[in-house]
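Presented below are the structures under discussion, each in the form of structure tokens.
Both complexes shown next keep subunit A, but they swap its partner, so subunit B is in the first and subunit C is in the second.
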Partner chain A sequence: MKNNKPNPLTLLGRRLKNTSRKLTFRPKEAATPASADGATMNAAPLLSDKIKTTINKLTVQTKNVRTYTLFDGTTVLEPFSKTPLIFLILGTLSVISWNVTNINLFYLFSRFSNFFDILWRMTSPRWSYFSTAIGPMLDTIQMSFLGSLIGALLALPVAFLSASNITKNRFVLGSTRFMLSLIRTLPVLVYAAILTLAFGFGVFAGTIAIILFTFGILSKMMYENIETVDLGAYGAIEATGASKPKAFVTAIFPQIMPSYLSYSLYSFEINIRYAAILGYVGAGGIGLLFDDRMAWRRYQDVAILIIMLFVVVFTIENISRYLRKRLS
Partner chain B sequence: MEKKLTVKEMLDKQPKHHLTIVLTILILGSMTLWSMAAISIPSTNEGGITIIRSILRSLADPNRDWLFTLRPIGIPRQMFETVSIAFLGTILGAILALPLAFVSSRNITGRLYSFIGILSVTLIRTFPVFVLGLMFVRVTGPGPFAGVMTIGLASIGMMTKLYVESIEDIDKGVIEALDATGANTLQKIRYGIIPQLSANFISNSIYRFEINVRNATILGLVGAGGIGSTLIWAMSAYRWKDAAAALWGIIIVVLVIEFISTRIRRKLASSD
Partner chain C sequence: MIKFDKVGKTYPNGTVALKEVSLEINQGEFVAIIGLSGAGKSTLIKLINKMHGVTKGTLTVNDTVVNAELKGKHLRAFRRRIGMVFQSFNLIGRTSVIRNVLAARVAEMNFIQSLFGLYSKDDKIKALEALDKVGILEKAYTRAEQLSGGQQQRVALARTIAQDPSIILADEPVASLDPITANQVMKDFARVNKDLNMTVIANMHHVDMALKYAKRVIGIRDGVIVYDGPSSEVNESLLKEIYGRDITDEDIMFKDDEEQQA
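Right, the complex of A and B next:
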């Protein structure tokens, strides 16, 4: 709510709001209970304001609401807690989802031992499978490396196009942002499935899918970052007589470079995980083996794949985390 | 006081990054070459281009019968099932992650137990969502039920990690202050700990829900319910209009959920 003159009471109220028990205020001199709220309402009250006012009215009409009197004589009401309402909504949604998804607890408990059975068989990995799996694993790393690199390179110019402080043209801004959010909605696996139909099975389709995914998320992270950049330095350098591109490179780049590199490394980290499943739709890498070994119930081989994936992800995550710490 | 330097001397005194830059370029370059060698670019075949063109064309003209029907095969019903899987999975994951997070927080249990907790979370995280899905299909049989279990287990990793961060950030002063007023343990948890964590927890869970909806859209590929099976089935049969209808279903639902989730999380962050 917009309040032109900060009422000392509201200021105090804000401070009290931060304590563990939240309180709402009703100034003592207020004639009608809701007028404290009503006074600040503009001509066309928002729906949320209307709801708030109604709740306040109800709160006051209910006699058994706890009231507190402060040192300066102001009465303070304990507000209705929203928690029961939230729990009610969550509960209703859960019941609906429960019915939709046909959850059968009896079935779960009677057959859950199968899950541990599979896990148990994974505890004795068949080490000789390693030599077969190493090739696809390297493919997975190569796919995600190249995908992240190209995706990151493509993301930077588009991020500038969709940053509201750099691009002033609203049409360009809106259309690039809309395109980016469209790209981000579809899962990588769907891209991979479409691309394998177009380019045939293999690593190429997977790499393109990773490029698209990296491009989508990195552009968004970067334009949000670029919007926080301090443009003062840019203006200052331009004022010394530097050309626009030169001012851009000297003033803006150093500000965004560390986060750009750090986000790129981060997307490489997550891409390894995604690349590992792309093989499921035939887009190359270790995912194909996962599918195959699971279908044949060779859990000892699946264990090898998981161990390999774990080692690779762990190594890359730690290298990347170390580099990102150095960057910041 | 240090003697004043000219601009040139100042520039010379800057730390030298040449070695780092050269090394980075060398490493990046060699990795690129190594990766390029593995990826053979397929010769542009007519079939591929036709397929991409027909997919794009049918995105503009999806199968409307599927998109706007409430029959079980229709997209709305399937997306509803997908969102339900994600919703229950998120709740399951949130409940499972809570005790794990308290165990893994260094300021609650100490070094040893937090290490064990984090190790087990890392182990769970290593399983790709797909493999978990395939495993649960073996346990509960194909269907959305397997999807719920998969999403629940797959959410544990990230949720625990985010929970641990907020638990380790707890301001102990509040608890000491409550101690001083004579509060008992239950009151300390109710008034000292829950208010500090709830906003963060809710925000993380909503964020994970957003990710889970995306994950649930592809779980159908392994037979764990949701829209994925329809999509893959339509695509492998080259029925682009049906596939496009499924794609629109995913796009619309994901965008709406992302919008709502961002709104709620922004509100939670500002009310802190």
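Right, the complex of A and C next:
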């Protein structure tokens, strides 16, 4: 008790240093109210010395500052802004990447007519193709729905294990987080390509790819969410003799449920778009048809696929947005 | 019965919270622990349900020795018989009051039941009765975060009652409440203590309230018990010994409210 009593002076000095980064107040005369008070005369010189040295240090550190003088003579120093520096760095990086990727503006404009040519051919869709495309489209929706659902369900227990405020065992924490990072490194298309080798072409491989993707991002989002919740209720339930998992589902679930459902719906939205291209690597769904029709240059059929995809994505996005609004 | 036999507690960082404490608390007592912040009040309470482990001496609670060997399944079974009320209420804000009270039954259920919140009818009746005992039955289906501080602390007390413990530990139960509400909550504690014969051990900052509601007072200073006796015998010189200085009217902030109420 006696040993760790903090010295009020050092505390004040520390606080001054912390705040002074944003704003520095410099009274013209260092007349603190304490020095005027006779009772605290002993502490006063020390206190003002401390303030003076802190301010001196700061004025040396930040030279490029603007000074504002208030009506009563108090001056406020505005610290040096980092924004120009950030713009400079961004500009340099843009120039480098422009040169590396060989963007040729002339080529871009000369070939742009081709793009419109293809678009023009799409303006007369072959509506009879719809009946062929509807099956794979439903496959795509199923793939993304089932993948999102299973991925989201798997994500919760893993999020529990990788939240540092819940799991105190460093080995468990480290290994689950490492596994999650590994899972997140590969893009969903690469997963689908590898999984088709294992499970054969088709919807099954696509679903597994989407499960892995959803699981990877959702568990990260959720464990970060869990780390911000209030642990009071969790501790109280644990104190009644409930095990950690039980205390977690009872006390933490109600707190994270809205954001969990919202994130899950959001990943379902994203997954519909991913599921649409998985067919390119043979993992089923509407992507197979895209690949096929583009290769045969049947742009009227491609138009049908695009219209269908547009309608589906638009509908699901809106339903999801509506539901997420209701949740928050 | 709770028995401290030369119990000491040193935290891993070297802080000695309790030096050597010996005391006995019988079933059904209402004990208030008073003393300065950092004197060891909180530590004393948290040793009883092993939120912190004893580092010296022997602590026995209801014939169970609370030592390092008490862990896992046995510790959880032991804790079911000890309720705890916190200064910050620690309710699950986003759920209804009754679900908060029912949360005390989770320890007795299996995981699937707790995952889906499948509480039995008996549990629900038990929870409602607990809410009735603290006088907020009509708030059963309100969201907990919509209640006032005093009401939230009553829900916390109801949760503890629903747990059906033999001992209730209260760590500064009224420290964040206004004086009038604090008195009402303390009355609830006293009633529960009397009607249900549950031992109540409460840390108190407010000396006057400790003396008013508890029959026995334990004064702690620097990790040592300096007074242990009936609250009726606590006088100013004793308080001076516990707190290290005179307790003036200024310190007893509820005196005026009390007189107004009376």
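Here is the rule we go by: the second predicted complex is superposed on the first by the 216 of 328 C-alpha atoms of A that agree within 3 Å, B and C clash if a C-alpha of one lies under 4 Å from a C-alpha of the other, contacts with A are read in each partner's own complex, and residues count from 1 in each chain.
The rule is simple: a contact is a pair of C-beta atoms (placed from the backbone, for glycine too) under 8 Å apart; a residue touches a chain by one contact, two chains touch by 3 or more.
Just so it is clear, the model here is predicted, and its values are computed rather than measured.
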{"item": "Contacts of A:P187 with subunit B and subunit C, given as first, second, both or neither", "value": "first"}
{"item": "Which superposed partner A:V312 touches (first subunit B, second subunit C, both, neither)", "value": "neither"}
{"item": "Which superposed partner A:L77 touches (first subunit B, second subunit C, both, neither)", "value": "neither"}
{"item": "Which of subunit B and subunit C A:S94 touches, first, second, both or neither", "value": "first"}
{"item": "First (subunit B), second (subunit C), both or neither touched by A:M221", "value": "neither"}
{"item": "Touching partner for A:A198 - first (subunit B), second (subunit C), both, neither", "value": "first"}
{"item": "Partner chain in contact with A:G232 - subunit B first, subunit C second, else both or neither", "value": "second"}
{"item": "Partner, of subunit C and subunit B, that touches more residues belonging to subunit A", "value": "B"}
{"item": "Of subunit C, residues touching subunit A in the complex", "value": "15, 38, 49, 51, 75-84, 86, 88-95, 99, 103-104, 106-107, 109, 111, 114-115, 117, 156, 159, 163, 222"}
{"item": "Residue ranges of subunit A in contact with subunit C within the complex", "value": "1, 4, 230, 232-233, 235-237, 239-243, 245-247, 249-251, 254-255, 257-258"}
{"item": "In the complex with subunit A, residue positions of subunit B that touch it", "value": "28, 31-32, 34-36, 38-42, 45, 48-49, 51-52, 55, 80-81, 83-85, 87-88, 91, 122-123, 126-131, 134-136, 138-140, 143-145, 147-149, 174, 191-192, 195, 214-215, 217-218, 221-222, 225, 231-232, 235, 247, 250-251, 254-255, 258"}
{"item": "Residue ranges of subunit A touching subunit B (in the complex, touch as defined)", "value": "20-21, 90, 93-94, 96-98, 100-104, 107-108, 111-112, 114-115, 118, 138-139, 141-143, 145-146, 149, 181-182, 185-187, 189-190, 193-194, 197-200, 202-204, 207, 273, 276-277, 280-281, 287, 290-291, 294, 302, 306, 309-310, 313-314"}
